[in-house]
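This is the structure I have questions about; it appears just below.
Chains: A, B, C, D, E, F, G and H, in written order; residue numbering restarts at 1 for each.
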Amino acid sequence: MGKKYVRLDKDNAAVLLVDHQTGLLSLVRDIDPDKFKNNVLAVAAAAKYFNLPTILTTSFENGPNGPMVPELKEIFPDAPFIPRPGQINAWDNEDFVKAVKATGKKQLIIAGVVTEVCVAFPALSALEEDFEVFVITDASGTFNALTRDSALDRVSSAGAQLMTWFGMACELHRDWRNDIEGLGTLFSNHIPDYRNLINSFNYNNSDKSEH
Amino acid sequence: MGKKYVRLDKDNAAVLLVDHQTGLLSLVRDIDPDKFKNNVLAVAAAAKYFNLPTILTTSFENGPNGPMVPELKEIFPDAPFIPRPGQINAWDNEDFVKAVKATGKKQLIIAGVVTEVCVAFPALSALEEDFEVFVITDASGTFNALTRDSALDRVSSAGAQLMTWFGMACELHRDWRNDIEGLGTLFSNHIPDYRNLINSFNYNNSDKSEH
Amino acid sequence: MGKKYVRLDKDNAAVLLVDHQTGLLSLVRDIDPDKFKNNVLAVAAAAKYFNLPTILTTSFENGPNGPMVPELKEIFPDAPFIPRPGQINAWDNEDFVKAVKATGKKQLIIAGVVTEVCVAFPALSALEEDFEVFVITDASGTFNALTRDSALDRVSSAGAQLMTWFGMACELHRDWRNDIEGLGTLFSNHIPDYRNLINSFNYNNSDKSEH
Amino acid sequence: MGKKYVRLDKDNAAVLLVDHQTGLLSLVRDIDPDKFKNNVLAVAAAAKYFNLPTILTTSFENGPNGPMVPELKEIFPDAPFIPRPGQINAWDNEDFVKAVKATGKKQLIIAGVVTEVCVAFPALSALEEDFEVFVITDASGTFNALTRDSALDRVSSAGAQLMTWFGMACELHRDWRNDIEGLGTLFSNHIPDYRNLINSFNYNNSDKSEH
Amino acid sequence: MGKKYVRLDKDNAAVLLVDHQTGLLSLVRDIDPDKFKNNVLAVAAAAKYFNLPTILTTSFENGPNGPMVPELKEIFPDAPFIPRPGQINAWDNEDFVKAVKATGKKQLIIAGVVTEVCVAFPALSALEEDFEVFVITDASGTFNALTRDSALDRVSSAGAQLMTWFGMACELHRDWRNDIEGLGTLFSNHIPDYRNLINSFNYNNSDKSEH
Amino acid sequence: MGKKYVRLDKDNAAVLLVDHQTGLLSLVRDIDPDKFKNNVLAVAAAAKYFNLPTILTTSFENGPNGPMVPELKEIFPDAPFIPRPGQINAWDNEDFVKAVKATGKKQLIIAGVVTEVCVAFPALSALEEDFEVFVITDASGTFNALTRDSALDRVSSAGAQLMTWFGMACELHRDWRNDIEGLGTLFSNHIPDYRNLINSFNYNNSDKSEH
Amino acid sequence: MGKKYVRLDKDNAAVLLVDHQTGLLSLVRDIDPDKFKNNVLAVAAAAKYFNLPTILTTSFENGPNGPMVPELKEIFPDAPFIPRPGQINAWDNEDFVKAVKATGKKQLIIAGVVTEVCVAFPALSALEEDFEVFVITDASGTFNALTRDSALDRVSSAGAQLMTWFGMACELHRDWRNDIEGLGTLFSNHIPDYRNLINSFNYNNSDKSEH
Amino acid sequence: MGKKYVRLDKDNAAVLLVDHQTGLLSLVRDIDPDKFKNNVLAVAAAAKYFNLPTILTTSFENGPNGPMVPELKEIFPDAPFIPRPGQINAWDNEDFVKAVKATGKKQLIIAGVVTEVCVAFPALSALEEDFEVFVITDASGTFNALTRDSALDRVSSAGAQLMTWFGMACELHRDWRNDIEGLGTLFSNHIPDYRNLINSFNYNNSDKSEH
């Protein structure tokens, strides 16, 4: 009874970043832009940190949708990048699916813009092919909360796990002892409150007279 | 485990617009009127654009509920229009069900006012008869968010897919290459942010000295 | 797949009003007091109008919880009234369950204060005994939205239908022609916007010179 | 420095109810309808209770704006009622100003729909003629909070006192001993929380065995 | 004591639309895009309807800010249009001030994007030169509510009147009898609730059998 | 231009706690009860800590309003306590005013329930007699935000300073060196976040092996 | 169909308090700090009151996360306290699981910081091992509502029951007669509104002349 | 009538950053942490960009308040830095005032934590000494919106100008032509939406085949 606990495994997960494009981002209004930018970069930084195979795709870069956010391309210079010629559901693009399958991973972490289309469509398609799907809800944005809630109801009902970037990073890491400094840096860069905790702690444990 | 991915198919879908009447609209307070008007017209425009058989129905036009919003009747001058003599659940009206079945479609896209009655009742009835039901949550309105959330929980639990008009249009279209200009116009007319993207893009790609 | 459409049937439904007491009402903060009072009285008025067997129960009237709201007792002077000596879950009180079963009804419409206790507990108990349970979410109140949402998740997951009073009245009535004036009066008394529609309509159809 | 304390005085105050019409009320979205209806009736009940001269006015009753809310006309059957033939600012209507001045009162309590027009315009005009103006903000409604806040900034900057109906009643009454039961009844009828306090109190001080 | 009632006068007012550009609009997040688009077009329609001299200005059209929203240029094909080569405060641009003064009007109605810059700066400058300034708060947009509230506090403290487009139209019109149909059309086009009232009214007063 | 900086001075300030009664508190809905209880107790603790003369007053303790919150009476066992026989504005009660004047203080810090009556009325009266009035907005509660905002506009326009309890404590204390531990304890008891900071700091500066 | 009614049983339940640490608490922003502190202490007080075996655990006390909130350690001086050396999911720590299993209880009540990690991870792990899991949503905190809602969707879909502390206490107590004073005290200490009800009630039933 | 337009002048303005300390930041809950961090760094970046003399001050760095946020110290390595030994109002610290006056500037731009204390107190003191004070409301944070609004009412009433960082930067810059790239970079770094506009624009104006 109930969904099984499908636990993210860094050896078995790939990340799909779908349509975080400079034009499309102006449509995102369910999450504040400063926070949303941070969340998207945090997912990317986590993917990088855990060395997860990552695939980037865009829809119509040469039109109003605009190009993929440059920071993402800089973080993943060698990742497969599939600018789709027209397919709205990335899973309808053969190259994209081939790239996904080439990773050999069973778990797909998906974030994108806008949630109900660029995230939900490939998530639903991947579930149909028995992938384990994790939607990163706070790195996926759309027009408003009603739209988001409807989309998340749809993907969750179909079997996807709803997560946010911090939980994703924690579930992948498993144990702080695997690398305290690495994870701490990730959190410090993307959680101002955590950075403050670290800075207060370090200050208290330093020779304060140096300051 | 989990709902299947039931994907909207423009060759197999019909649209039911239920009780968008000038009086009843004053009851809608979970979505702002400017946005709600836009969403309802967007569903209608999408139905028209994809050539989906569309059925209009009303409850008691001659009383306080008021007539069907005139724009909807203008968009669908030849659509079956079933003013119900009293049935609250449109599915209790034989003519309505007959009109639905006459379309020969298996997928029903439903929007209406108010969500927990005019949408939820026929949605639940249609699910019982094994239709695939898509509730367009942002073109369906009601008294407040608690009422809406209760209604959406009920229809989702019974098997309906919750969508919003933009996702509906994207899932029906499948591929921009089927008609870039047509879909772009639909979005430009109903998403101010998208219209701005298009206008900026066109301006940048035009001979600006003409302006 | 999915919950069945369990449709309210006025010949097969009873109403349980649980712990709407003058003291406990001060705990309700997820719904504004003017609206909440209206919703509770609307459920009561609907129960009366549809002649549904109705059972009132309270917890510790002689202590800080205070007595049942007097209006409810006035509306149902002859209804079974079960002041519980201590059981928190009304279903743990034999007299209450006996009264429920004595109605011979299979469908239970429940509202109360507070949602996660006085509503959820008997709702869950009744579901276990195969009653069809309808929680009237807008006539049930509690401390805040998080508490409510947790409670509604629990009862919905267990099989209850979430409804609000207006949907309840509409589903019970089925067809306006059964009694236009009766239902209209119910709505006019409890939905200010609907009352305005009726007043505007009547004015327009009257001899205005009389005014 | 600062506005003077202009204190409402029941011997020197008149009430102006402007354009609470059944059609126009559908425009009010900054206050929930159940609460707004209650607030408007509470101002009226207070005016009645304190015997304040009260003037009703409407704009275009015979058109879409609809008639004055019937309850208000019933509460004040003998009050001057000035249906304005076209003037948007009630103060531009000579009969209205004449009626106001005929009261001989210096303090004007104003509520109406919509705030930035039907309330703000006559409030500003009355201030220019050195009346002391009290805008009842919770019995005045409009499209949204931004509109209301802009309107209230305008009238407050011009010298009006912003009050709500409960403060108005308290300032007029001055001392509970003038009539405990009368004021208590007013509050009981229009403040559910206060009614609960009274009912709990009475119950505790009654012979509970009677219940 | 208090600001004077400065009343909009259609013979003495000009409208300044500042930097409603397709790029800058993506910065506006204190008002929903559907509503904001409507409000801006409503101010423009009102300016047109009342024949007020109107001046358009933009900042850096050829860069990321994008061109003036095309609809505005279409509504005012012959209005002075001053694309500023660099001045952030439009009042620092001589051509703009010249155009304003050329109107010979004393009252300036200002709306723009973003509120704290493109609206507040010229508003403050104009107040210094003893213009009567009316900021249309709902046709001016910015990053968030805190920014807006700070900006409105600044301009109001400096003497500007805060208004919204509906109040502006009503204060300019003064009396419905000046043109019932014209004003009604303006409202019907930009207030969905009002359009519904009109449609219900017309339907009730028509020969319904025609429908 | 502008209000002067009237700075709280612990040698010249008295505290008035008006009508924080167990019944009336159920009317407070503009601040969450956990937070409001904390804020009221924080004002009381600050008054105690700074040794400010404090006056308690109530309205109708023997009726539904209920008694003064017991904690307040326990904190100030020897403070003047004036149960008013009927005056709604505490300043209309001679004993109260006498008690205020007996303190010999010029600065009055006022908090109470409900804001627009029990706080605003004596605040306005005291301003008229040239007291310097500080309204503690977060220890004063009322029905909703609109009521509060209207009340605060009224008292601020009349010359009162709006403060919250933390600012009050800081302005009275002036310099941490006057008593680090005392102020720290006050903050630790009433600001969970500050308590956490202190606990983290102490832990880091302790011999952690002890834990 | 639907989750079974798994009812909390005081003879079969244990409580897990996970990572309520002074540093981590600064991350909690979905619940106000005054309320959150109260909720956490209320869960602890309830655990104590019902004598439930309780287990405390922390992550990295000696770093920025800070120590367990001291009050919790004081309430449970003899409880198993498992400071985890690195495991993020407490269930990955053998000592923790051993301590849980040593209680011999089948029902686990879990609260912690942050919800999607410290609560969700052990909750999902425990469900896999067929424990009955109750997540106390209002004593679990995280970054924002979207994160919380995603986490709660995940644990509820996996079979956990969502509850809040008041419902937990009521379901454990079953019947007021088991100990009226004990439960009343618990509520009085953690629900200001309930405390007010009790104080009003006691005052009304005392010899008031004593006050 | 009304405040004068006091216009920021980059040759006459200094910036005061008060108590942005790693511990105190955990108290800020009226602005989301991602956004607040961005706003504070944006004010700092603007101060740097416009070469404004900037003064940093802290309260009790060695205690729970924690050290100044390191980024601020890095941006202004040579700025006067005044760790106050105890004064809560920075203006009570002679060194601070000396440093302020040593700048020779008349205009003071102030931001800090928490708004009602660390910002409001020195702002009010500076106004008394006839400085022109600009409070940067979005780079100043505090416990909640009520506290903030009370504080801003106090400083605005005393003559301060309320601004946000973007308006501050624009008013200082005056004309884009002074340095298009510099201002553009500032905006690109601190306004995600603006960065997107720039990236879209550049992409459209580049040789896209390069991408």
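As a working rule, a residue touches a chain if its C-beta (ideal position, glycine included) is under 8 Å from a C-beta of that chain, and two chains touch if they have at least 3 such contacts.
Predicted model only: the values in this text are computed from it and were never measured.
> Among A-H, C-D or D-E, which chain pair copies the contacts of D-F, with over half of them the same by residue number?
Equivalent chain pair to D-F in A-H, C-D or D-E: D-E.
> Between 0 and 180 degrees and rounded to the nearest 5, what angle rotates chain D's CA atoms onto those of chain E?
About 90 degrees, rounded to the nearest 5.
> Count the C-beta pairs in contact for A-F and for A-G, then report the pair with the higher count.
Result of the comparison of A-F and A-G: A-G.
> From the C-alpha centre of chain B to that of chain C, how far is it in Å?
Centres of chain B and chain C (C-alpha means) sit 31 Å apart.
> State, to the nearest whole Å, the distance from the C-alpha centre of chain A to the C-alpha centre of chain D.
That gives a centre separation of 53 Å.
> For chain B and chain H, what's the span in angstrom between their mean Cα positions?
47
> In chain E, which residues are in touch with two or more of the other chains?
3, 23, 26, 32-33, 66, 144, 191, 193, 196-197, 200-201 - these are the residues of chain E that touch more than one other chain.
> Can you check the complex and tell me which residues of chain H touch chain E?
1-5, 7, 31, 137-138, 152, 156, 161-164, 166-167, 170-171, 173-178, 180, 184, 191, 193-194, 196-198, 200-201
> Would you pull the chain E residues touching chain B in the complex into a rising list?
22-23, 25-26, 32-38, 61-62, 66-67, 69-70, 191-193, 195-197, 199-200, 203, 208, 211
> Once bound in the complex, which stretches of chain E touch chain C?
197, 200-201, 204-205
> Within the complex, which stretch of chain H touches chain F?
3, 23, 26-27, 59-60, 63-66, 85-89, 92, 114, 116-117, 120-121, 124-125, 127-128, 143-144, 146-147, 149-151, 153-154, 157-159
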